[in-house]
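Structure in structure tokens, see below.
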Amino acid sequence: MEALSLLQWLIDGLIGIGLLWLAWRALFCPELFKAIVLFIAFGLLMTLAWVRLKAPDVALAEVAIGAGLTGALLLSSWAKLRGFDANKGMGAREKNSEQAEQKTKRPFFHGLYAIPLLLMAVGLGYGVLQLTPYATGLSAVVAENLDASGVSNPVTAVLLNFRAYDTLLEIAVLLLALIGIWSLGIRPSVREATPDPVLDLLTRFLTPLLLLVSAYLLWVGAHAPGGAFQAGSVLGAAGVLLILAGWRLPLSLAGLPLRITLVAGVSTFIVVAVLTMLGGAQLLAFPPSQASLIIFVLEITATLSIAAILAALFLGSRPDHSEKI
Amino acid sequence: MTLSDYLSVLFLLAGALFFLAGTVGLLRFPDVYTRLHALTKADNVGLGLIVIGLAMQAESFASVGKLLLIWLLVLLAGSSISHLIAKKALQKGVRMWRR
Amino acid sequence: METFYLALVFFLLLNLGAGMWRVLQGPTAADRMMAAQLFGTTSVAVLLLLGQVEGDSALHDVALVFALLAAVTAVAFVRRAWSEPEKEHDSK
Amino acid sequence: MSIAILYALVGIGLFCLGVYALMIHAHLLRKILALNIMGSGVFMVLLALAGRTEITPDPVPAAMVITGIVVAVSATALALALMLKINAITGRAELNDAEEK
């Protein structure tokens, strides 16, 4: 027993130190590309930390988003930034990263910044240490009402029933981010070369598997870790993979059908919210008998919308304009 | 401890050994191509042995199937990616190591 | 048995830490990305072992998604970030 | 001190590192990384404090963190697009307020 708890501590200590070290290196190493790879590694280690904190739902979301989509986003933005520098000529290529480096060489002022931050860290740490070592929070309340929620996974119950308004607003935020990107009017990048046969094969194999896993996560979310967010981000990753392999949405689908998919999640939520209010209940308070069905419908539309939005976020430019360069 | 427990411990230790070998290779080998070779040992064999070791302890066939699926996936993805990296490196003219 | 699994997890995590040296050292972008790839595979192994310790089959799902998404990141690297020539000669 | 408290302290460390980097770096990609790491730190504190039990942890913070992760990725995507736009207009991926230039 003694060896067991010692090992637990060693593992958690290693993960904690690893996280801090990776964050430090990612933020303060001179090369941008290195920083991005370190940040991807940071996301992967974060997943292990969530598992150790007994939050497999969060680990699933982190793995799909933190490790997959954020990494792909950062890598492709970095490539675009670099490509832009390269276009300006050889001299300018390293300009961006070098300027960044020069600016960090002002240790005196930066030392001054560090002092209040250290004080803040100490204060926060002291605050955390003062908290009671055991607290159950709201888990008892959730457990009491779980039967009425229509699902048996407490996290899904919170996300789609007890605090469904969070999810409503969250899908709205995703949509707003996409509208923001589209309104920037970024020129689409030039169509890439046809993929290598091996990449083609890999894509053909991975895409159906991603679809399958996404559907599985959606289904399993009712009683075990999983759910609309995880399923949506895995499905979105399938879209990202297809975009990377050079596939583009056919123009016939890029207009109205795409837009309907993008807003399906948030509009279903709003319709349900209005209906529950018309039914005399509070906003998004589902009747227990129908809760299971309502959550099912909400999750499916939310999954599709989240996936479409995430893939569109990755593409960066409006898909219906991609041919006019 | 039953016989299958011992066997599974054996497989798991062998898997861990391959991970160690992969890491050492990644650190010590002289160029991209040889490092790729080391990396794929950890990817394919190391994870494979660990999956076999754990599959012996699994309660249901469903979970054995999932374990094997994970391994096959890593196998396929790892080897394709390694191929792509090696090909790209050759195209770019990353030098091969010669004694 | 549980102690053994956890010891293995600890060992694999130490391996990860050692592999990080290659990310920092490079020299080419491919070396850094390969190290991240090894990081991913090792984490899959760690997740499977932790799943066995905690008797939580959900961790197998996490490992599965992990393997899938690591492949997507690697494809992003090969297709986008590494399309520039490594040395000074320009191909475009 | 328990494992949960350990992770909470790590989360505070991550947050402060992120704030520091956000202040001293001029390059926008670094600032975006810093913001993401700050966010991860906050998530970690939330979940660590939810894990202060022997039984299953509190699901409410977990649900909030899942929402937060998805919002963080959309914010990151928007920030990266803005960075590329700034770079295309000014030629530098930096904000030049109070510049020497």
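Order of writing sets the chain letters: A, B, C and D. Residues in each chain are counted from 1.
To be clear about the criterion, a residue touches a chain if its C-beta (ideal position, glycine included) is under 8 Å from a C-beta of that chain, and two chains touch if they have at least 3 such contacts.
What you see is a predicted model; the values in this text were computed from it and never measured.
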If you tally the C-beta contacts, which comes out ahead, A-C or B-C?
A-C
How many angstrom lie between the centres of chain A and chain C, each centre taken as the mean Cα position?
18
Chain centres from averaged Cα atoms put chain A and chain D apart, in whole Å, by 12
When centres are defined as mean Cα positions, the distance from chain A to chain B in whole Å is 28
Touching two or more other chains in chain A are residues 8, 52, 54, 69, 78, 199, 202, 206, 209
Can you pull out the residues of chain D that are in contact with at least two other chains?
none
If you look at chain C, which of its residues touch at least two other chains?
33, 35, 57, 61, 64, 68, 70-71, 75, 78
So which chains actually touch one another? I want all the pairs, not just one.
A-B, A-C, A-D, B-C
Sites on chain C touched by chain B in the complex:
1, 4-5, 8, 11-12, 15, 18-19, 21-22, 28, 30-31, 33-35, 37-38, 41-42, 44-45, 48-49, 52, 57, 60-61, 63-64, 67-68, 70-71, 74-75, 78, 82, 85-87, 89
Chain A - residues contacting chain D, complex:
8-9, 12-13, 16, 19-20, 23-24, 26-28, 32, 35-36, 39, 42, 46, 49-50, 52-55, 57-58, 61-62, 65-66, 69-70, 73-74, 77-78, 80-81, 84, 88, 92, 95-97, 99-100, 103-104, 106, 110, 113-114, 117-118, 120-121, 124-125, 128-129, 131-139, 142, 154-155, 157-159, 162-163, 166-167, 170, 173-174, 177-178, 180-181, 184, 186, 227, 229, 233, 306, 309-310, 313-314, 316
Touching chain C in the complex, chain B uses residues 1, 5, 9, 12-13, 15-16, 19-20, 22-23, 26-27, 32, 35-36, 39, 42-43, 46-47, 50-51, 54, 57, 63, 66-67, 69-70, 73-74, 77-78, 81, 84-85, 88-89, 92-94
For the complex, which residues does chain C have touching chain A?
2-3, 6-7, 9-10, 13-14, 16-17, 20, 23-24, 26, 29, 32-33, 35-36, 39-40, 43, 46-47, 50, 54, 56-59, 61-62, 64-66, 68-73, 75-81, 83-84, 88, 90, 92
The answer for chain A against chain B in the complex is residues 196, 198-199, 201-202, 205-206, 209
